[in-house]
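In what comes next, subunit A is part of two complexes: it sits with subunit B in the first one and with subunit C in the second one.
What follows is the complex of A and B.
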């Protein structure tokens, strides 16, 4: 009997095939059980996220407009139409303004407040107050600020008290003021969250390098610039990406606060998409705009992952 | 076994015999949530009178509602009975081939003496009627009778009278007209009225592309409108409470659909204090005219095959249905053998009967739907800065959109 045959006979005696079958059956059972436990989440993700997204992508390649063209293939026609639409271009520019503003202002303000409150005793109350707007629904915030900016609202009255004369600025009715006014509301609502995230990031920074810098005679600015800021970079990166996404997909505030502004449809891409689809019934075109928004958001998320990995390597 | 079979047969027989006694139900889809309760009142009245209850199913806003109907029709699941809008958007709906013609029903309605051919025309596409009226509202001027009496003013018989009244009201420190851009759709109200009164010949042409939005007729409208703003005739366009402004007496005259009369009275204005007149023409000798808003109630091709649906529809247009609807909302549906829902509607009816005023479809419904939102936004833009400089920009933008649309047709 050669060695191979001997080994096989030994394995047969042990019952290795049976053991392997049992293991496979157990793994199948575990997989089944796992799937049962995952089912609610899977159903949610597939049914509420994946299927609508795929359906939307498919719609963007159809001719669906109001009552017709539901299943008719249109190729890239809806995408080709976008650049020639003046409202799309305006919305694109406004969205870019939103993205820029939603990165710069909440982060500058949030970082300033985080640095200020970082080691301040009794700052908890102030931190909580600053965070409160974040827990309010954007629609409620929009309604609240709509009345703050109203012609006879709090802001004009306040300015009137300060200047000693009647102030009648239609903040939400003028081309020049509507976007800055809504951005200010957005900053008011989001700066608190940015502050909290940056405070968490600051708390995670080890004290040793800062103390060493102190001993070496570094001033506060130098410590901030060369130690705190680089070590805070992973948190700042995450906050920046969140802000970009928030700025790119903003809708609620623009919908509520810009309701009476004649150029509402051009306030941002998300609003433009809503007008095209729901008001004009250009479902396929609206879907194409949604796909563009989704693609940009996807790119930003991918960029974040790559950058995050690089920053992690640098700070490790 | 035989006994069991007999028992089952008897049970089925009893059920079949009793079936007509069970109330049937027909769903009515709509976007008029503010009339939910009132629609159900009529629906219940239908149930009592005919055994077919109309169950109203509201959608929160017009956009969501349009999305629902468009998606339903596109996927071949048209609702049996639902509301829509007249004009170009109605023609689009009919072109889907899913809406049933109702000429036979209209023939009955007209033969019964309640409805006129003029009402039917609002719901016709290519010579066939495809809807019955859910609402038929004339756009009129509601006015503050006590203020008129206090200032010794009379209902205007001419454009000059109207302007003289407005001047007198301004001189008394009050605001003659209410007009806001609230909710984004109101911008067309004064535009359409001024165009009809100043250039009636251009009114329909504007909506078929033969009259330009930067042409002399439209320019004349903007000049007059701008002048009226300069003279302080209008309330603050940024008000978000136009309706309440009237109730509070913040404006003496309110150009609106007559459906607002019931709401104004309900909000606390004594019915006797509310007067009404149809806006006079600015062109001497021009025929009497009135702007009409119609809301169609349609049934699908499949729905028309269902006797319950048709019975519900017959109840709606009957005197009993019209009275129930009129009592609940103050709305008129064009049924002249029913009672007038309120004194305002009765007065407008009498006025139209006397002058033979021609009905013009409201701009909102008459304009191509693809242009509607974008053009009205421009009119709102003008109202917020009513100078001729802004008017020039607004006219140029409107005409550019208008020309692009018609070039594409």
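What follows is the complex of A and C.
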């Protein structure tokens, strides 16, 4: 018997064809099985989240308003009339202020405190104190600060005590103070989380380059500027993106604290969208504003992915 | 070479030590200043719930309460006027059932993605994870309209459906990452012994994934408990309202009743998430680390 025939006989005895057939059958079976396992998650996400997003995009091109115009195509009309809406413009400016403030203040404060508390005795206690607001719900934080800013509230009475005369500032009722006041609450609420995330990043930085620089005579600022900061960049990038998204879509605090402010709808885009749809009944226009918010969020997320890839390549 | 102690500039060393101590003291003072900024609003909250309405408006806001007795009255009035019992039951139902279902569905999907031999593994995952990309504003109008058509508006089932769905994508990410790190030898061994995939999932993968599942469950439970927006849009009725929505309504319509009572309601509403946080601090911080990566 020659070699090839001998191998063939051996393989037949093992049943190689049968094994291959079984494997193919198993693969087919596994796709079905996989779909069974994924079905609940897929149905939930596609049915309750993704289909509504597509529906929203479609709605933004219709004339739907109150009880008329549902399904009537309007082209880009809803988008074209945004710039001429004064409330929209004001909301846009305020949202830009929110994004800027929610990046600058929590990160500056969080980074400052992280550097500061890192080598301090009793740092755990301080860290916990700064982190506490995070465990309250945003709604509860809003309610609490509503009474801090109230006309006869904590802040006015405290200022009155310091200055020696009655202070009566309507912090949440004046155009000039309402946004800064709510931003201050937001910073109070989020700085702790930013600090904890930055501390996690700082803890991951190796000690050797810092010690080497120290021996070479670098001062503390130089070490921070040329060693700590660059090594902290990936964490800072992540925190910045989180802050941009949080500032861009802030809603709960504005809804609770701005409840009595006459210009509430112009406090931010998210509030404007809610107001247009659910209080004025401009469904299609509200959908268009929601699409704009979605586009910006998508752009920021995409930007993050690109930057993240670049940072990963640099650190590798 | 012998060391000559007289060459040491002892004064300089002392000066440096003193400067260091002074620096630490300054730091401590600054740290206490910051901590005060963070504590004072909490202190204000903590003492206001012990004051009667009359006392609240009469005394300075940071004055200690005259007695602890008004607390129970405040709780009783907040509970009754704010319908907090009903709202707490609702939120507890949405939170426990919704987050459990979501985490379980996510574990099933993660199992299929990491363990079964299916085409487009990553595609399926991205499809599920796409649920986290869009801002909440894009869901509001279509869901409101769709719920109205389907009769789900202002129903417990409708609220539960949404909360379950919104809590699926993030746990899927976490559990997929965790499961792909689990050793494959265990489940291969079980398959050799004739176990089918359901047995592998329930008897081998799930018991090994309890830790991360608990962590994401807590994160998602807290999210649902703290949600106000979707309850105002999809279930703004006394019977279906979530606790945060009830707090908002209470503050809006009963503000004349006195800040002390509304503040008591705010504390009551936050209590479960505060207790959870302190009981399960370790899990929470783990979740934070998971969230960041």
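Quick notes on this one:
The working rule: the second predicted complex is superposed on the first by the 294 of 316 C-alpha atoms of A that agree within 3 Å, B and C clash if a C-alpha of one lies under 4 Å from a C-alpha of the other, contacts with A are read in each partner's own complex, and residues count from 1 in each chain.
The criterion applied here is as follows: a residue touches a chain if its C-beta (ideal position, glycine included) is under 8 Å from a C-beta of that chain, and two chains touch if they have at least 3 such contacts.
Because the structure is a prediction, the values reported are computed rather than measured.
Shared-chain residue A:265: touches subunit B; no touch with subunit C. Contacts of A:170 after superposition: subunit B is touched, whereas subunit C is not reached.
Comparing subunit B with subunit C, more residues of subunit A are touched by C. In the superposed model, A:240 lies in contact with neither subunit B nor subunit C. In the superposition on chain A, A:228 contacts neither subunit B nor subunit C. By the touch criterion defined above, A:138 reaches subunit C but does not reach subunit B.
In the superposition on chain A, A:179 makes contact with neither subunit B nor subunit C.
In the superposed model, A:278 makes contact with both subunit B and subunit C. Looking at the shared chain after the overlay, A:151 reaches subunit B, while subunit C stays out of its contact range. Of the two partner chains placed by the overlay, only subunit C lies in contact with A:31; subunit B stays clear of it.
Overlaid on A, the two complexes show subunit B and subunit C touching the same residues of subunit A, namely 150, 259, 274, 277-278, 283. On the subunit A side of its complex with subunit B, the touching residues are 64, 66-70, 87, 150-151, 170, 173-174, 259-260, 262-265, 274-275, 277-281, 283. Interface of subunit A with subunit C (complex): residues 26-27, 30-31, 33-35, 37-38, 40-42, 44-53, 55-56, 59, 113, 116-117, 120-121, 125-126, 129-130, 132-133, 135-140, 143-148, 150, 152-154, 157-158, 161, 188, 192-193, 196-197, 200, 238, 248-249, 251-252, 255-256, 259, 270, 273-274, 277-278, 283, 286-287, 289-291, 293-294, 297-298, 301.
The part of subunit B that touches subunit A in the complex is made up of residues 63-64, 66-67, 70-71, 73-75, 92-93, 95-96, 98, 181-184, 187, 236, 238, 240, 369-370, 373-374, 377-378, 380-381, 384. On subunit C, the positions that touch subunit A within their shared complex are 24, 27-28, 30-31, 34-35, 37-42, 44-45, 48, 57, 60-62, 102, 105-106, 108-109, 111-113, 116-119, 124, 127-128, 130-131, 133-146, 161-162, 164-166, 168-169, 172, 197, 201, 225-226, 228-229, 233, 244, 247-248, 251-252, 259, 262-263, 265-267, 269-270, 273-274, 277, 285, 288-289, 292.
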